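Next come the structures, one after another.
In what follows, chain A forms one complex with chain B and a second complex with chain C.
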Partner chain A sequence: MTTRSNRKILAPFVSLLIAFIIGGVVIALIGKNPVEAYVAIFRGAFTDWGFTLFQATSLIFSALAVAIAFHCGLFNIGANGQLMMGALAAAYVSLRFAGLPGVILLPTVVFAAICVGALWGFVPGALKATRGTNEVVVTIMMNYIAISVVSYALTYSMKDPASWIAQSAMLPESLWLPSITLGADPMIVVAVIMSVLSYVFLWRTRMGYELRAVGFNQMASSYAGIKVRRAIALTMCISGAIAALSYYNYLFAYQYRAVSDVIVGTNVGFDAITAALLARNNPLLVIVSSLFLAALYSGGLTAQFELGVPSSFYLFLEGVIIFSVVMFSTVLGGKDD
Partner chain B sequence: MIEFRNICKRFGSTPANDGVSFSIKDGEIHAVVGENGAGKTTLMSILYGLCRQDSGAILIDGREARIHSPRDAIAMGIGMVQQHFALVKRFTVAENIILGQEGVRFCINRRRANERIAGLSRSFGLSVSPEARIEDLSVGEQQRVELLKVLYRGADMIILDEPTAVLTPQEIEALYATMERMRESGKTIIFITHKLREVFRVADTITVMRNGRSVATVAAEDLTPQRLGELIIGRELPASAERGCEPGCGDALVLENLVVSGHRGDRALRGLSLSLRENEVLGIAGVEGNGQRELVEVLCGLRKPESGTVLLFGRDVTREPPWLLRSEGMAHIPEERRNGMVTEFTVCENLVLGYQTDFSRAGVLRLNSIRERALELVKEYDIRPEDINAGMGDLSGGNQQKVVVARELMKDPRILIANQPTRGLDIGATAFVHQKLLERKRSVLLISSDLDEILELSDRIAVIFEGRIVREFRRDEVTLEALGLAMMGGDDHAVE
Partner chain C sequence: MKWGSFVLALLLLTSLCGYVDAQKKYKVGLVFDVGGRGDKSFNDAAYRGLEWASQRLDVEVSYAEPGPGGADREILVRRMASSGKDLVIGVGFLFTQPIVSTARAYPNVKFACVDMDVGSAGQLPSNVVALTFREQEGSFVVGAIAGMKTRSNSVGFVGGMVGPLIDRFEAGYTAGVKYANPKCRVMSVYAGDSPMAFQDPARGYELAVQLNSQGCDVIYHASGNTGNGVFKAAKERSFYAIGVDSNQNYLGYDESSGRNWALTSMVKRVDVAVYLVIEDLVNGRFTGGVREYGLKDFVKMGNETYRALDFAVDDYNKSNLDAETIKKANGIIEKIVGGEIRVPRSTKDL
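Entry: the complex of A and B
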């Protein structure tokens, strides 16, 4: 038993190692020096660690959303859509009520984002609970709907008339987040707190217990009197609500506007799946895996700048990581029977 | 001849096999008996190549056999029917049997396979249609398919891991006959069980295992049940369960004219009426598949009846959800163990499953009181390993069952639906669970395919046949013959 759990802990590291080896081979194939490239990535990640933290912040929220859904046996591929809708709601409410003092406006904006995100999670959750619809399919579709809603809103109704591109007006200054250091903002603290709360929720609360029971064994859960359908719908709500906070820092600490192309073009909700997988859905480890992926991402930009390694290399590496994590967690972790 | 020489196998720090040595002669039915966790299944898994021993050797016909996988075992003529069947539900019987067989490449010669299967069916008395789909078969029939699979592969040493645990009395008799026929045709049968009666009914030789060791290997005729029981548990047998109280006259549970459709869309219950009195143990006897499963599901709120009513202490709860019934003081030991537990959870977490609300304050789990209660229960029910943080999946079946029983009785429910409560339990544990069921004042609806259990515990026995209660007996008036007859539907003294 001890060896098995040791192996489980080891699995992500082995898979990362293998992903890096495969990535190195690919870098060599495009005619660059893999060692130099990795050194550049590493250096980039640390010289620009404010950007790394900034990226990690978004990632943590979405990864928590994915991880919590996983615990209930649900694969939330819709974190991307949920975060887009959350961002849109936050931008809309902050502009609509811009006159309110910051202390009232801030909670209102956060609440609006959470509610819209929860709704975006609730739809696939409720469909799964009542109709047995596959949540993977529905969340993917909800992503497309979110893309359309966001680009419509920012191209027409919410567009800043003075601007040439599809973006909102400047968001109220009362909500702008102070930068702690080098571009990192207080949202990283909120993200860490959210991770701890998620951990407590899953392992210390009744609802978390029920949600995990449903995730492992629906039959036994319903025999035990757990309201399985409610648990499924609720989990997706919670998941969507957390994902909805992912882009808060983009809005209020980076661009101070809702920019259609940036929001619609985000990939954070999908990177979050990798982060959750690497963390084996443990909310505390999500902090580590998100930091890691963010470092890889910002380092990748440096590598592109310095060596001409294409930035899409990051996407490639991420794909290989997912692949090897999935493969090696089954190979090394063994079957759970 | 199969010889085990000093087999040792550890899982983590607990030894499952701790120096097992005995031998099995060709052409005999060799029973391996012992309590849960005695190491029987581990030993057989080693023989079948599902896991490897840490030390020791297996000799087959005097030569050391290196069995690294079931493939090796099959090549040596060893076959195994496990407790949990490995059948593809949507495939037919024949498709399942030839699945993964040597010689099947691209084309499957269905006709030839069917003929061979039919031939095997005939010669071993395993009647099952090759064209039937697995999902339409009863558990007993599925087991026959597993047996046919083993025979089809030409095994001549056949391991049966607690084969009777899932069978009705009639099916058990048929299985015995099959085993005897297999022996006549020269096959060796290794038969894992912990039911004393069975051992004496079919076994030639008995090996007793206790705490991972082989304690004795004896010819069946040289043993008495009493002596065997003592060998198994290593001390004297516990006395049979005693009633805590006499039945009252109020009704705890009344079912009126229940009509329920079953899993296959047909009528499973066709106007079933029944009443369970306060503090009474009512045994439901019947051949499996006569509506017991649906009856329990309706009682637990998992299946909605088409018509009829369920009254719980006078209150109509016919279409109420499971959690409400539970809060009304109804507990349920499910037939299928996996429906009563979450394998991935710890023992501790499983011991509060369904009672998590009672163990939380303002939505937060009270971990200390959960742990405290879990420690008590683990001790009281002698659940092994004695570790509340052990993964449920690492426990033996019997210990898992103890966890389920311990949990369901924890809150002292007013009504207990006990569906096969001692399935898979050994003698000591069965007696213990029986004692637990009876020691407090409560009404128990006992559904069991083990007639001995029904006869021992019930104040009253109701016989279910084709979705109706066809006969009721008082404890003092029942005879095995009348009971058996009623179970087959051959009785015209139907209850109005």
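Entry: the complex of A and C
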């Protein structure tokens, strides 16, 4: 039993090692020195801590959303769409009520983002609960709807008339987040708190217990008196609500306006699946895996112009990581709990 | 203490070496827009400009592209600036905000933004140059070609979004048509009044069919993707279309008949703009503000002369343009460069 759980802990590290070796071979094949490339990635990630933490913040929120849904046996591929809708709602409400004092505006904006994100999770959740519709398909479709809604809103009703880019006006300054240490913003702290809360929720509350029970075995849960349908719909709501905060730092600590192309083109909701997988859906480990992926991404940007390692290398490496994590968890750890 | 001073001296020496090295060679960093190299459009053109610069001028170039969505545009611009580049170039108007904010933080680094959205940028910092084009001049030339080519004495214009940007194209084109063929009438229509008007090929098709049924046998579009519909209509209904921004001549090729309905394209050469701004840097002539490239700006590489604005002639459209037309068009370019012809900036000046 001990050896098995040891192996389980080992699995992500072995998979990462394998991924890095395969990545190194590919770098060598495109004619660059793999060691130099990894050093450049490492250096890039740590010289620009601010961006690494910034990227990790977005990833943590989305990865928590994915992880919580996983515990209920749901595969939420819609974190990307929930993130977009959350960002749009936050931007809209902040501009609409820009005159309000910051202390009132801040909770209003956060509340709006959470509600819209929860709604975006509720639809696939409710469909799954009542009609048995596959949540993978519905969340993917909801992503496309979110893309259309966001680009429509930022091209028409919310567009800054002074600009010919599809983007909103500058967001109210009362909401701009200050920079804390290392150039990071306070949202990283919120993200860490959210991870702890998610952990407590999953393992220390009745609702969290029910949710995990449904993930283990729906029939047994139902027999034990758990309202399975309610648990499924609620899980997706919570998942969507958390994902909705992923781009809050992008809006209020970085660009200070909502740019259609950037929100619509985001990949954070998908990177989050990798982060959740690496963390084996443990909300606390999500912090570590998100930091790791963010560092890889952030460092990869520098490796591009320092060494000419193409930007798609990050996506490639991420793909290999997912592949080896899935493969080696099965081989080393037996069936996933 | 002895060791301390030794280390200090060593540090000073190395930093001095770095300084001397930087004096010798300018470092230029370029950030592509999402998609990067291989887009057969702006990014590839920008890369070509960078290549010319590294061949011809004594500069060290490097480049990078943002990840999906491009939330990291500003990060890349900032890292380039902080890694000791002398000039950082952003390709595309989405770099407007990132470049303006980075330029404020790095007043000693110079920045250039291709197609900058000057309207939303606010007050430009003095170390930023917006690389823009006098599209009206190129439009004048293709307008003159349209005026020479038309048999029905009526030509059309399909604009994307109503506004000052596309108005420049319309103004230049109309003036060009009238210059070459005073009897010819120009019918102008627009796809809409929002940025979506650049993304609507179905609308472009509809408008082109309408113009053609009213007698237009040459149609110029300045409407982004919407223009794909104009080319589709041109192939179906056998009239000529004129492309815009990059060389779109291949869009007019009709496989079933083997004919080509692209008359020419009004080309905005981002490579020339990128090269010239690097040349300005090397020659110490870099100045901030809005830089407008026009017909008079060119780069000579080998036997080829590349103008910042031009009309495209290639295998696809050479059967549509006779030597006489090309000669006349080049004559018009000379006259605009020489100041003999004044090209209007807006349809109000027509």
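The working rule: the second predicted complex is superposed on the first by the 333 of 337 C-alpha atoms of A that agree within 3 Å, B and C clash if a C-alpha of one lies under 4 Å from a C-alpha of the other, contacts with A are read in each partner's own complex, and residues count from 1 in each chain.
Quick note on the criterion: contacts are C-beta pairs under 8 Å (C-beta built on N, C-alpha and C of every residue); 3 or more make two chains touch, one makes a residue touch a chain.
All values derive from a computational prediction rather than experimental measurement.
S.K.: When the two structures are laid over each other on chain A, do chain B and chain C clash or fit?
M.R.: Once chain A is superposed (C-alpha atoms), there is room for both chain B and chain C without a clash.
S.K.: Looking at A:Asn33, would you say it contacts chain B, chain C, both, or neither? Reply first, second, both or neither.
M.R.: The answer is neither, since A:Asn33 touches no partner chain.
S.K.: Considering only touches as defined above, state whether A:Thr108 meets chain B (first), chain C (second), both or neither.
M.R.: Neither partner.
S.K.: With both structures fitted on chain A, tell me whether chain B or chain C touches more of chain A's residues.
M.R.: C
S.K.: Can A:Arg206 be said to touch chain B (first), chain C (second), both, or neither?
M.R.: In the superposition, A:Arg206 contacts chain B only.
S.K.: Taking the superposition on A as described, I'd like to know which of chain B and chain C A:Phe51 touches: first, second, both or neither.
M.R.: second
S.K.: Using only C-alpha atoms, work out how near chain B sits to chain C after the chain A superposition, in angstrom.
M.R.: 38
S.K.: Using the touch rule from the top, collect the residues of chain A that touch chain B in their complex.
M.R.: 1-2, 204-207, 209-210, 212-213, 216-217, 219-227, 336-337
S.K.: Quick one: which bits of chain C touch chain A in the complex? Just the residue numbers, please.
M.R.: Answer in residue numbers: 29, 34, 36, 62-72, 74-76, 79-80, 83, 93-94, 96-97, 117, 119-120, 161, 163, 165, 194-196.
S.K.: In the complex, go through chain A and note every residue touching chain C.
M.R.: 44, 48, 51, 155-156, 159-160, 162-167, 250, 254-255, 257, 259, 261-267, 297-298, 301-302, 304-306, 308, 310-311, 314
S.K.: Chain A touches which residues of chain B in the complex?
M.R.: The touching residues are 11-12, 300, 302, 321-327, 332, 334, 338-345, 349, 353-354, 356-357, 359-360, 363-365, 367, 391, 393-394.
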